[in-house]
Structures are given as structure tokens and as C-alpha cells.
Amino acid sequence: MTLQVYLSGEIHTDWREQIVAGAEGLDVRFDGPVTDHAASDDCGVAILGAEPDKYWHDHKGAMVNAIRTRRGISAADVVVVRFGEQYKQWNAAFDAGYAAALGKSLIVLNPPAHQHALKEVHAAALAVAEDPRQVVEILRYVLTGALPDRDRS
Amino acid sequence: MTLQVYLSGEIHTDWREQIVAGAEGLDVRFDGPVTDHAASDDCGVAILGAEPDKYWHDHKGAMVNAIRTRRGISAADVVVVRFGEQYKQWNAAFDAGYAAALGKSLIVLNPPAHQHALKEVHAAALAVAEDPRQVVEILRYVLTGALPDRDRS
Amino acid sequence: MTLQVYLSGEIHTDWREQIVAGAEGLDVRFDGPVTDHAASDDCGVAILGAEPDKYWHDHKGAMVNAIRTRRGISAADVVVVRFGEQYKQWNAAFDAGYAAALGKSLIVLNPPAHQHALKEVHAAALAVAEDPRQVVEILRYVLTGALPDRDRS
Amino acid sequence: MTLQVYLSGEIHTDWREQIVAGAEGLDVRFDGPVTDHAASDDCGVAILGAEPDKYWHDHKGAMVNAIRTRRGISAADVVVVRFGEQYKQWNAAFDAGYAAALGKSLIVLNPPAHQHALKEVHAAALAVAEDPRQVVEILRYVLTGALPDRDRS
Amino acid sequence: MTLQVYLSGEIHTDWREQIVAGAEGLDVRFDGPVTDHAASDDCGVAILGAEPDKYWHDHKGAMVNAIRTRRGISAADVVVVRFGEQYKQWNAAFDAGYAAALGKSLIVLNPPAHQHALKEVHAAALAVAEDPRQVVEILRYVLTGALPDRDRS
Amino acid sequence: MTLQVYLSGEIHTDWREQIVAGAEGLDVRFDGPVTDHAASDDCGVAILGAEPDKYWHDHKGAMVNAIRTRRGISAADVVVVRFGEQYKQWNAAFDAGYAAALGKSLIVLNPPAHQHALKEVHAAALAVAEDPRQVVEILRYVLTGALPDRDRS
Amino acid sequence: MTLQVYLSGEIHTDWREQIVAGAEGLDVRFDGPVTDHAASDDCGVAILGAEPDKYWHDHKGAMVNAIRTRRGISAADVVVVRFGEQYKQWNAAFDAGYAAALGKSLIVLNPPAHQHALKEVHAAALAVAEDPRQVVEILRYVLTGALPDRDRS
Amino acid sequence: MTLQVYLSGEIHTDWREQIVAGAEGLDVRFDGPVTDHAASDDCGVAILGAEPDKYWHDHKGAMVNAIRTRRGISAADVVVVRFGEQYKQWNAAFDAGYAAALGKSLIVLNPPAHQHALKEVHAAALAVAEDPRQVVEILRYVLTGALPDRDRS
């Protein structure tokens, strides 16, 4: 039974690639948002027509992106939400809340400096990690029962 | 049929008081989180015992607060989420996602400067306002059909 | 146990008033959309700010109205959808589909001329009436068991 | 993960064929109503026996068609609802409401002239398009992240 | 917290009256179908117009009655289904299945002779009684903890 | 997308075999209860140990059978419920109610003589047939749009 | 908005009375199982008839009790589950799992010695307390925002 | 249609292996918790970092294990819960409650000595067995209709 994992949040580092590479050989299927920042911002107007007002420009795009993200989160067994060092990242916290309300298993991945600010998000999570490698280890353990220390080193 | 409104988000300005005062006379019941910052941070350890580790200190408190916030959002017809000028406010975005997944009517209240960063949250909202007065006007219209210009000025 | 009835659809005749008057004395609470056509069209921009583009003008208003209509339909035991003689009335058919998917008891009220065009909507209804008086008689029967002929004439 | 798309509404032009052809190569499975108008009208009596009364003739057919349409909409990730130039098309608006209540991602496809009359339906949609080609572009973007301008021209 | 009890099934003996009388003083609200057999059979045509075909005559009535029965069962905490000595009573078994699928607490009341034929219905019940008095005793116990022998005799 | 069809009810004639044979070539998967009457009655005690009391003998079996029937109905797109000429058949009506509450498409198959007694069950159905061949024709139409007259004769 | 609290588990000490007394003046309504051990064990046979086999004696009673406990848990905002010093208390752990699956806010109350054995139950809880007084303090904080130290001492 | 079976509870005997071996050839897929006791206890700290406090050590592990168990139970058609001779086994009872609230078919497997203490858990089960072989026989019967005595010996 393939584990469906949705990788939400930060799009400026290669954390998704690290997790996907690390999980090679495991029965996992990954999904996530479109991570091309420019495409993600402009998809609405590029397809459905330009908007002179920045608000509606953004709105059209965010709604088109929602077709992908809502489906991805709804279909997931596990939702990993990554908070990076910078930016507001309210979409990441929104996805975490959305996933929590649907009863998804939530894993939060963030630098320690964000700990206090994320405490309400952490309270809804089943695991809080700092390194993408830890997410891989959780996925491996959940699927196979193998732990990092005694099984792989 | 009393309208249940949950007021989520920023706790450093008097926006809740403005809305409650403005809605006087309407059939609305307001709910929201505990807005005493110190109590909200420390409720877990104050009741359930001290934790030397800051993470668990915060975690205990955030879980106790979740008893109140999850009930409040679940019981609401309308969830208003306020983003202020400062701080990460990930709990506000988390509440917005949680409310959206439950199919609640979402009203987002934020300064214009946050528009682009909030576009995914806005895409799930039925109204985006900049001033608490606008939230009151929406509640009045939803309950009575009266609009601000011709009915009150 | 008060019966919650939502009266959806046409706003250009007095069918709602006929039903409310006819149901006097029954344990029913009625709800419905804002029926002031101009207010309903302009509520979004009147409260949240003007839009030069007619599409967004309409969109803002329709989303504010959705706060009221979705709550009203969700809370209803019975949803009555009225199709009048004129106009497209797609909002009425939309409400009928929305109510059907939520498992609400649906009563459709329409002139006989619309019968064929409404057949898919009728297929989801528990009653199809032509006259508001019939809707009142259904509500009376459902609440009291009394039928029009032998009990009231 | 194949994207399930239900194509609801108008049956008198080739918009479905355009979308299916345009989406060739994408991981999409399309479904929709029976589009043979005469079969759709007569399926109930053809299988279950003639009805002298036109209302019940239509009713029997609409209920048999509902077996297909409700399943198709329930199984869909995305529901596209097309409004054509003519006819009442209340079944299209009914399907849109049904899909919205189930939380499906809704794309509405209509000529600009219908904009005002469809504003309540648009308020529940994540995209409003005028051309079947735009629907294909949305599906391609949602599945692959590729946008029309820079990726295909 | 008032206990909602729906009394479904047989309409030819006074079992409902026995239960209602026996439960006097308990915090229970009873609901049930229209028990006037003729009204129940004819409500559809009496309100919505005559049908020459007996099938549609019955169908119209059964659908109007469904407005009441579905609401009553949906709102109930406990559904009591009574099978009498005679008739097919498929509506009683249908209500039992409907209640079971909604997770209602089901009490079945039937003469011992029907035991084998009702075994699938019994398998979904939390209590199987032979006498209306036993149903009253269950309701009293559930609400107050008092048992018949030591508490009342 | 394979159509899941659950065949509930009468086990004394070959109606299931007729439908399965007639549907050959269609993308349908059929399920149903164990139709070996003796096995169905005795499965509980045969596996879990004898019961001297006939009620518990039956109860144990009915609960084991419920593992199969509840899963089959829950997984079905279409539930066909057959009422034969004889017996109480309360399990058939129970399954119909169970399926209706879950929102399944219900097809009832019964001899005309049962029409009045089944009117509440019919009110929840999308089709009422008298002959297994009609059920096959509905399945063919739902899957392919082909009608019996013009396509097969 | 009254807080509904279900008090599940141990029936041999006065922890329920302590919580009810401590919560005096708060807008809370408490519910719980029948705590008369003998009545709880014998309710099935006392009402529905004796059973020679102890298994069915117990089964009849447990099913009647389930009418009360399932309703109580389903209606609760908060479920408090108390594990005492003795006995298997599998019904307490069952109620905790039941409440968790329904998304209720779970508070577990147990002596420290049970900590390791309860770790899976704790993982589903929002608070783990050792003393009934702490449960009262949580309820007071959730309803009023008042914390024990600075507000009451 | 493969039957999904989740095997919850005791991890100190080979009951899972017996069931899996006995079910060879049947269309069943088994799932269950990680049964390596040490790995299950330590998975949280092994992956996410050590905790000096035993409570949080256990908590981190129990939450990681919950990712696996909640998914397994949610995906199951049948949940078998085994209670062994020793230990508190509250996680087993918790899983039973969790499965019951989700409407899963529950089979309980326990030695006769535990009968009285498990009566509330049994009240939610469709079968209560003492031997893993009986569970296999139930699975075989549910899938094939074959009973042990006459079909296999």
C-alpha cells in the first residue's frame, strides 16, 4: 500500500529533492505544489487573461494553484510542511491547518529558531524535524519498522 | 438563528473590541482564543507542571489552547482571521487553513502590505477586508440585508 | 423541534411572503437570501471597495452573499427552490444542487412550462409544486399530519 | 495519480472533444453524462416501461441518468461545467452546486455574455474560462506545472 | 440534554402511546411518522394533484412522508423500530437500515415469532425487546441509571 | 472506472446469475451476500462455537455475515435490492435503507404485486424494475449510453 | 456556549464528584456512564431477560450501556478519561480511542505509574493530568482564560 | 477486491504469523503496527533526538507510531484486536475504540479469562474469537462463503 506524502511549503531550497532521493526504494509517492515561483505566481493570468489589479492577478493564480494543492493534501496519508529561514510562509501554515482539519498525519520541518512561533502548528503535528533526513527516517520507519542507528549504520 | 463568529489571529491591537462594539444589537455570538499573551504561553505548565525544555513548555500550552480554539472554530459559522503588521502569525494562517478545510465562511482582515504574501489564504476566503468596520458591515449585511451607505448614513 | 426551511430562488414575486403567511402558527423558521436585488448585486463593492471591472464587482458581491446562503442551506431541514417565469435563474438551480448534495429535503416550485427543463432538478426533489399554497400544505402535513381537504375545509 | 475530470453541461457543441483531444498525453481520465440527447431523454421509459404522462416519462429518465452523473461527480477531482449560448441549462447549474457542496474543484466554462447571470456559480469556482483550450491549459498546469506561453509556443 | 427518540414501524396498535405514557417525567422527546394510515397513503396526491397510476399515487405520498421520516431519524439519538404481527413492514426494516447506517442507537421491538426473520436487523441493534415496557425501562436506565426491579417495585 | 454493483436480497432464484451473465463484457464488478442459505445461517456457530439458544445462534451468524454485507454495500456504486415472491425479506429492506442512508444509487427489483408495500423503499430508489434484464439494461446504459431498442435488437 | 464534558473511566473513587464540585460556576455540562457497578453489569438482563451464559449476560448489558456512552461521547466537546490504580480498564481505553477517532479534545487523568503503559493513549490527548483539580483548572482556563496561580490564589 | 485487515494488539506471541499463514491463498492484505518492541519504544528519540524525560521519550515514539497505526486502521475493512494474557494492553483497547468509531468491522481475539473485562469492547465487535484459526476461518468465509467443517475437512 503506497504511502502518499505531500511536501508543502518552502520552495527556495532543495529539501524536497533530498527527501525524494533519501526515500528511494521505499513504497512512497510524493506530491507537492508547483515549485516554479514565477509560474506559480502567474498561472492565473497566463491561462485565463491578464488583470491590471495586482490583487486579482494574484487571486486568479492562487485559485488555480488551489486545484493542485487541495487535491494533493486530500489524497495524502502524510503531509510534510517545511518552514524555511525567510519570508512569511503563510501558505505553509495554511496547508498545515488544512491538513490537520482533515486528520492527516502532519510532520513539520523547521529550523530551531522558529520553534516558539510555530508552537500551535507543532501542537497539531505527529513529528517535528529539523533536517530532511529525519523525515526520510520517519517514512522508512513507518513503512518498514527499520530505525536509523541499528539498521543502516 | 444566532450567527457564531470566531475571531482568530492578532492579539496586540483592539480589533476584536472594535468588531464586538460595532456589532452591538446584531444577533451574533463571538468567540476567540485566550488573548492574554502570557497566560496563553504558560497555561500548560501553570496547570500541568513545569518543563525545563522550552519546546515542551510551549507544546503543553499550545495543546491546552487547542481545546479552546478547535472547539471555537468547529462551532463557528464565520471565521475572521486577522493578520497584523508584525510577527510570524503562523497560528493565524493555521486557523485559516483549518477553517477552510471544515468549509467555514472565511473573512480575512489584513493591511494591504500583506496582500501578496496572503494570496493563498485569500483564495480560500469569501471576503478580504482591511478595516474591522468592514467586518461589522459584512456581519450586518449577512444578518439583515442592510448596506452601509443607504441604511446607516 | 422547529422545522428550518430555506426559501431559495426567484426574488421578483411575493411567493416567500405567501408561504410565510400561510405557515403562520406552524413551528417553522424561514430563512433565505437577501431579496433586495440592488443590495444583493452591490454588497461586495459597497462594503469592501469599488471594482472597475464588472466581473470582480459581481464576484465580490456573490462571495459575500455566499456567507448567508451557504449557512442558510446547511442549517435547513427543507430547502424550497422557486423557479419563476423569467431569467436564467442559475443561482436557484445551483442552490438545488448544493442542497441535494448535502442530503436536504428538496421541494421545487415552478410553473408547468418549465417541467422538461427542470427534470434533473426534479429528480433530486421530494416534492414538485406549482403553487406556494402547496408548499404550505406540505409543511403543515410534515409537522402535524393534517391534510388540506379533510382537515381545513 | 490520474486526475479525474467530470465534464458537465452543454451537449450541443464539441467542447468535450476539444478538451479530450487537447489533453492527450496528460494523466487525466474524463467522464461525463450521456450526450446523446434522445437517449438521455428516453432512457427511463425505454428500459423501465412507457409513461403516458410527460412528467413521469422525464422523471424516470432523469433518475436513471442520475446513477451516472452522481457517481461521475462524486469520483471527480475536478468538475468542469459548461454553459452554452442557449437553453435553460439548469442541469448544468445543478451539477455545479452539487459539485461545490462536495468540495470538488470547479471550473466554469461560459461565454462572456453569461457573466452576470452566473455570478453565484462563479463564486464557487476556482477558475472561470471562456474557451475549452483554457481548460486544457489548467489541467496541464495542475498536472505538470507547465504554462502555455513559455512551455508550448 | 433531552434524549431524542424516533418511534418507527407498526401503526396498528398503541405501542407508541404506551411508550410515551411510560416515559412520562423522563427528559425524552418523541418523534415518529404520520400514523394516520389514510393520510399517509394519500398525502402526495391530496396536496400535489391526483395521479391515475397507483404507482405514482403511492410514490408522491411516500416522497412527502420521507421529508418527515428522514428528518426524524437523522435528528434522533435512539431509533426504536417496531415489527407487528402482520403485513410486510418493509418500511420498518428500511428505517432500521437507514438508522444503522447513520450510526444511531437502534432498539428493535418485535414478537418472538419474528426472531429468525429479523436476525440481520437484530445484528445492528443495541437492544431487542418484546414489550413496549422494556423500551421505557431502557430509556429510563439510559437517562437515570435506574433499573426496574430494585428501583421502582 | 469499474462500476461496483452489490446484489442484495432474495437468494432462492437465479436472478443474480441472470444479471451477471447479461452484463458480460461490461466493466462491472459484482458483489453480494453469501447465498448458501445453510452456510449463511450457521456460519457464526460453525466458526465461533455452538449456542444452545436459537437467538444467539442466529445472532452470531448475522454478525459474521455483516462483515461481508456492510463492506460490500459501502464499496458499491449501485445497490440492487431484489424482493422475491415469498418470505419476510426484512434483510433486503434493511440493506435498502442502509444503502440509501449512505447515498448509494439504489435499484429495486420486485414483482408488481409488492408495489404498494414497497412504496417507501421505492421512494429512495433511482429505478424500480421487474425483470433482471432491465437491471442489465440500466447498467449498460449507465456505462455506455446504449439503449436496448435501437442498439441491440 | 455551554462546554459539554464527558467523564469516562474509573468508577471506584470520587474523581467525578471532585471535578463537578470544582467546576461549580463554570458553564459546563457533565455527562458520563452509569457509575453504579451492579446496575451497569446487570442492566441488560434486568430489562431484557436473564441469560444463563455469562458472556451473553454481559453482552446484553454492555450493549444497553453503549446507548448512553456513545451518545455522551458523540455530544461532548471534551472527553476526560480516568485510569485508576487497579483493574484492566479496557473500557476506558476503548472510550479514549473512540473519542480520538471522532476528533474530540481528549484529557487523560492517570497516576504517574501508568505513564509508559498509556503512551499511545497520551499521544492522542491534548492534556495529561494526575489530579482532578488539574482537569478543573483546564476547564476554567478554556472557558475563561483564568490560570490557577495568579487568578485564584 | 482485496480485503484489508489490520492486526492490532499483542506483540509477544506469533498470532499474526498464524493468521497470515492460515490465510494464504485468500485475497487479503494484512497490515499492523511495528512489532519490534524496542524499535517501537525508541523510534521517536532515535530519529528526532533524545529526551531526558521518560514521558517525552515515550511521547515522541508514540506519535511517530501513530502515523502508521492511524493510517492502517483507517484503510482497513476489518480490524482484528488481540488481547494476550499479560500487560495492560491499553493500546489494543484504544485501537478497538478508534476502529469502532470509524465504523470498521471489529474482530476481538482474547483468552476466555478476559471475557468480563472486555465486555464493552465485545459490544462493538462483530465477532469474538479465542484462537487465531477462527479469525482465518472468518476471513475465508467472508471472502469465499466456505465454512470450516464441510468445506475443508
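Just so it is clear, A, B, C, D, E, F, G and H label the chains in written order, and each chain counts residues from 1 on its own.
Following the convention adopted for this analysis, a contact is a pair of C-beta atoms (placed from the backbone, for glycine too) under 8 Å apart; a residue touches a chain by one contact, two chains touch by 3 or more.
Because the structure is a prediction, the values reported are computed rather than measured.
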| item | value |
| --- | --- |
| Pair in C-D, B-C or G-H that repeats A-H, with over half of contact pairs matching by residue number | B-C |
| Same-residue or different-residue interface between subunit B and subunit C, half as cut-off | different |
| CA centroid of subunit C to CA centroid of subunit F, Å | 37 |
| Distance from subunit H to subunit B - Cα centre to Cα centre, in angstrom | 41 |
| Length of the line joining the C-alpha centres of subunit B and subunit F, rounded to whole Å | 50 |
| Euclidean distance of C-alpha centroids - subunit A vs subunit B, Å | 24 |
| Subunit B residues counted as touching two or more neighbouring chains | 63, 66, 103, 123, 126 |
| Interfacial residue positions of subunit D with respect to subunit F in the complex | 4, 29, 31, 34-36, 39, 42-44, 46-48, 60, 63-64, 66-68, 70-71, 75 |
| Contact set on subunit E toward subunit G in their complex | 1, 3, 77-78, 105, 107, 126-129, 134, 137-138, 141-142, 145-149 |
| Subunit A contact footprint on subunit B (complex, rising order) | 54-55, 58-59, 61-63, 65-66, 69, 83, 87-102, 114-124 |
